[in-house]
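Multiple structures are listed underneath, in structure tokens.
Next, two complexes with chain A in common: one pairs it with chain B, the other with chain C.
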Partner chain A sequence: MKCVIGGPIVKVFGRAIHSLSRVGDELYVEPGPHGVSFRAVSFSKAAFGTYEFSVDYFSQYDSGMTVGQQTGNESVKCKVAIKAMLNVFKNVNQLNRKVEKCKLTLDGEAATFIIQFICRYGVVKTFNLPFIECETLQAVYDKSACTNYILSEPNVLCDVLNNFQADQSEVTLFVTKEQVIFKSYLDDAVDQTKAVSTSVGMKRGEFNEYSIRDEGEVTFCLKELRALLGWSDPCCAAVAFHFIGPGSPIIFVSSDENLNIEAVFVLATLSKPSDSQIPKLTSNEVSPKIKTHNVSSSSEGDFQVRKRKKLSSGEDMQRCPIVLSESNTPGRLREERASATVISTTMEDSSFENNHDKIAVESPSALHPPKTKILNGNTSFSRPSSVSDKRHSDVASAVGEVHNKSGSSRNVFQVRTPEFYEEEPVDAVPGTPPQQNLAHYLFKRCFESTFDPNSIPGSDIIYAADSDEDQS
Partner chain B sequence: MRFRGKMTESPCIKQFINVVNTVARMSKTCVIRIAKNNLFFIANEGGGIAKSPMLWTQLEQGHFFNEFQMEGVTPENNEIFLELQLDKLSRTLNSLKLAQGARTLKIKLTKRHTPCLTLEAELTSGSIHDRFVVHDVPVQLIPRRQWHIYDEPAMSQFQTSILMPPLRHLRTVVDHMKSLSAHISVAANEIGTFVVSVSNDKVDIATYFRGLLTPKFVDSQERSSTSNREELHSATVDIKKFALFLQGEQLNPTKAICNVVSGRLLHLFLVNDDVTLQYYLPASSYV
Partner chain C sequence: MSLTQQDGEGDHVFHAKIDNAKNVLQLLKAVNFSDVATVFGSPSGLKVTVEEAKCFQANAFIQSDMFQEFDVKEDVVTFKVFLNILVECLNIFGVSTTPSVTPTLKMYYNGFGTPLEILLEEGGVITDCKIRTQEADDTLEFNFCATAVINKVIMKAECLREIFSELDGSSEVLEILLSPDPPYFRLSTYGNYGTNHTDILKDSDMVESFNVTRKTSQRYKLSLLKHSNKALNAAQKVSFRTDDRGFLCLQFMIKTEDSYICFVEFFCCPEEDDD
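Up next is the complex of A and B:
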């Protein structure tokens, strides 16, 4: 793929990269005959974002597909680390003044994504980003099936979202035929006595278009919506909401008609209606286990992130067996783990056994805090029959990723819960401890009212005597 | 216990937000005392002398609120004390400022799953429709037996009292001094000299402001007769806290007063028509 972006509109591209960087860690680049898609999916797979740049956006465009070739030689599809891309597009607003045009090249031979800024005074900046070849990343969703539709100006939405605290992670949208209420969603992990709860009501007249067939509510992550608005607001591109109800994904579509760019964000929603009517105290009693379970069972298969099989080239076919044989072991391991952990069970319910190369990457996600857990279960992801066409290097890289990317979370886990590792095999981890009140979770007995510290054997042994009392 | 107040004038709302922001910067948790005629923000946190508050802000209720109803614990103790994380309130209020601004702001004490201070704002939106925003900021009620901790501090027995120079100038000076030392000496005398100085191993810096006014107190006559009017009285305090206080310039105070208790305390005042802020800065043990 080779394409050139004109100077004044490079910032639009840059903003799209920034927006996707808030969704996931990897940027999937996928050139097609009608334009390029830039996509990202969140680590927990609860959010998917894509920007489709049509051919008209570019001043020159060559998808790299050779027309008329019988093998149907497809253009290179790849993913690059989004952090590297962010460095390239660091100061989006300054790009305007400096850059005259921007050249994007995917070099399949060298496996590099080349970005060239041709600036004023003949300065040329070249960035070579290594990429990993991969399959098409696609979220399975159906806009037309959605019964509810709202079209809103981005600045209206920004005004609304500004009312929420910056650390508010999820928001519930209550819709009726006449009005919409945005309300902050506080999950069980949040201390109810400390969190600020916010709600904003809006009449239907504030929206450009408004069609609600099923009154109800949906709860989704604010972060990705903010990411989308970060792009839509400067472009003044209206944002459309498509949704059905709890448990099925909410789809945000925003398109800039002048530049022919379409942004689509698909977010998972909580499947359980928020118990806003019930006093919050009782909701604390509901254990996250049950919750996760509900979530997973009801929303199964609604929203699938799938890697399409690409077996067109014979090269890939040959490599498949290698992948399969290699990935068997982690697959089994994962199933074992799944039987022992609630979280993994929900993952297992919805995601699929032959998703081998991903396993190593996904299992640490079970080690995430409860919030992510719910989302995990909530969206069911699959890459069914992904006899991952990717070369054997992919397996290696996937494993590599575990160490690089999720290494930190795994470490945290080990540090936090050494008991589990000492007492029983890894497989029998009984769920992820909550991030907050960890002490209460791990040392539950100590906080019970019947607990008597003196009853513990060895409690009378003094290892170090009290130091002298303060005389003053 | 009941409290409900409504502000409908946007300058008042802005000023109220400014006060909350200023206080929130100085102290994380804060006690709000609601009385018949006044609203108080009181902070006790770190550094107050002998358990007395270090920050005492008094807002005249009549100026800010167009409607004000309150009912205390009992008719005799007709007051409400509540504690909250002020930065939460301040962030919430700032979000009101971000948009085109709130037309009305209602503050209520409500009982959700916990006691909350509910802010209901009517936002001016671009369209003809009004937008209603409701924020519930959790608070903790303070039982009556702890009220005495938050009594108004007594006036300190200061040696000098002086009207500080324009805060913005002083702030620039102090902000530059911040990089040189962690402590600042503030000195003043009765003939209108105000000195801020820092020193470290390599350099001593002092900035003099002269010809400032000194507020007249009833007993100032006898004191001046007993002591040397030109003698500088000084106290060395934490420079960061002093700089924080100077950020109070945002309140547009009509006067800023500094009382010096030599070697022990700075008692600082920001006085506006409707807001009075008192800040106690104990001298640091470092000399």
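Up next is the complex of A and C:
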């Protein structure tokens, strides 16, 4: 193969190399009769990227296939280390200024990929990169089978993705017929209390074309999409999404019609739907809002956070479905649905104290049928200083009535027998200590219940009489 | 200036005064790749020599006419000084905000065993430094004489700056090929990711003169040649010369702040052929 790229468009090629370098470690070069494709596949084979440069992109193009022997003598297909290519295309933005012409040559006999920059001032830079001959790299995907299709301007997508944390690895795309929500995907390994959850919603009007037949969600890696946008955005090439649903690949296509380049990225998607709740699409949220919340309790993004905000104020607590009842028989079972949401948020709330440490967790085997759980808790609303005598009578059961999603059984609790409960609570799940008076809370006198200040000898002696009322 | 009346100048083996210390500083910085420098003072000026690995030498020449006062009592005054400290002292006022205000420099040296005394004054603030000196060792003598030079190229530094900055750092050596026939002037690196060549045409706008009589190709340690980067960045023109032994002499023409034309030169030994 021999081809020549004109100076002003070398940077487009350079950017494609940079984009592919974020997908894989090796660059596959495959010249064909109609152009040459540059491809990369990720180490785990979960992502595949290809840039097809058509003959028209080059000012000169020779695929290396001799006309007579097209069947027998195929042009050389090879792969080179992408780091070597990056080394060549180090400063993409300066290429314009310096390079007048760029020649690419695949020398099959010497097994080198030769890149030549013909620069100003008669300087010629030649890079000889050794390559390994290989077979065609081809991902198996079918764009036409995809039921969902969105076409978006690259800068719009960049604006959306810029809202996500730089280390966010996956993103979930929720689609309905009217809108799309990009939400950060937090897997189970992430400490949910520290993770930042971001979700960005966009109406269908934000997109150039919008055709959703199957509503649903797909979760895919952000890195490769960012890599594609790194190329599409400067070229102003619109990006199309083709996808079906979880488990089948999502295909991104971006093409620059002026330069006759087509970029296709195929990414694997998570096969199981994420166990988070699909964000509720209420009318006031449909506008393309961008929200970033620091979710401190679970992965249920903005749904969760809204709920939590309600809980944190005193009056809204009334609305929260917690039934308080005087209960000296807290071991009663109830067929109720408990909500992970309610439990975890009440634990956060500082006005709820001293409760969950008295809740014993049921044996794990009983946790699994999630819909037949009870939730009884000792919920005392008093400050720790006055807890001593009242706390046992203030036993209440908190029953969450919000629907529990399957799989969130970790937050379902059951109370043991009353005697056990009153004597020595098993501290299976300690509640969050109150922020204030932490020391008092943790280190209160162990004899407090029997402590009587009047019994201390000398407690009746008054050393100084009360001062005059007027002065106090 | 208050500096001039301080003490009698007569008893110093060497003394010099310059209105703008930055001229000196610029040249010293260009050769500041190693700690220790040997200073040779003669009536024609100062020569500051820095060496590394017994095969690489840099010389900065500071002519006496750059100085307002320059006096050397002996034929040659020689001492060794810590270059880092000298540069730091001269730079003690930093980059002045007003370009018209420049630090004035006075230097004294009283001979063997005495410190190099420096007085710097800027805007009424005086810094007085004494830098300990050492006895000078012998410096390398490359015997690079003009008659033995076989190839010589003079080019603008701008072009070379760009090329040097993009050399493959993973390569141990830089091969310099000079030839009267194509490819004329080729810089090659042999790095981890393949071989790179950079060719410069002999009739390029960047090349001012191209006197190549014989094809030569020699390898030099890239890490040593990289020491010339500071000089290259300050330079306007560069001359490449190789002699019949393959020794390389790089000369950089540097225009100081006050438009004095000064030279910094680097000598480098070639790598031995493996075979």
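Operating definition for what follows: the second predicted complex is superposed on the first by the 275 of 472 C-alpha atoms of A that agree within 3 Å, B and C clash if a C-alpha of one lies under 4 Å from a C-alpha of the other, contacts with A are read in each partner's own complex, and residues count from 1 in each chain.
Criterion: a contact is a pair of C-beta atoms (placed from the backbone, for glycine too) under 8 Å apart; a residue touches a chain by one contact, two chains touch by 3 or more.
This structure is a prediction, so every number in the text was calculated from the model and none was measured.
Visitor: With the two structures laid over each other on chain A, which partner does A:V123 touch: chain B (first), chain C (second), both, or neither?
Guide: In the superposition, A:V123 touches chain C alone.
Visitor: Just checking: does A:K83 make contact with chain B only, chain C only, both, or neither of them? Give me first, second, both or neither.
Guide: second
Visitor: Using the touch definition from the top, say if A:P8 reaches chain B (first), chain C (second), both or neither.
Guide: neither
Visitor: Would you sort A:T112 into first (chain B), second (chain C), both or neither based on which partner it touches?
Guide: Only chain C; A:T112 stays clear of chain B.
Visitor: Counting residues of chain A touched by each partner, does chain B or chain C come out ahead?
Guide: B
Visitor: Between chain B (first) and chain C (second), which does A:K98 come into contact with in this model arrangement: first, second, both, or neither?
Guide: A:K98: touches chain C, not chain B.
Visitor: In the overlaid three-chain picture, which partner chain does A:P33 touch, first (chain B) or second (chain C), both, or neither?
Guide: neither
Visitor: I'd like to know which partner A:Q192 touches here: chain B for first, chain C for second, both or neither.
Guide: first
Visitor: Determine where on chain A the residues touched by chain B overlap those touched by chain C, and list them.
Guide: none
Visitor: In their complex, what parts of chain C are in touch with chain A?
Guide: 159, 162-163, 166, 168, 183, 191-201, 203-206
Visitor: For a test of understanding, state which residues of chain A touch chain C in their complex under the given definition.
Guide: 81, 83-84, 87, 90, 98, 112, 121-130
Visitor: Give every residue of chain B touching chain A within the complex, in rising order.
Guide: 85, 88, 91-92, 95-96, 98-100, 112-114, 116, 123, 125-129, 131-138
Visitor: Per the contact definition, I'd like the list of chain A residues that touch chain B in the complex.
Guide: Against chain B, the touching part of chain A is residues 155-156, 159-160, 162-166, 192-203, 205-206, 279-281.
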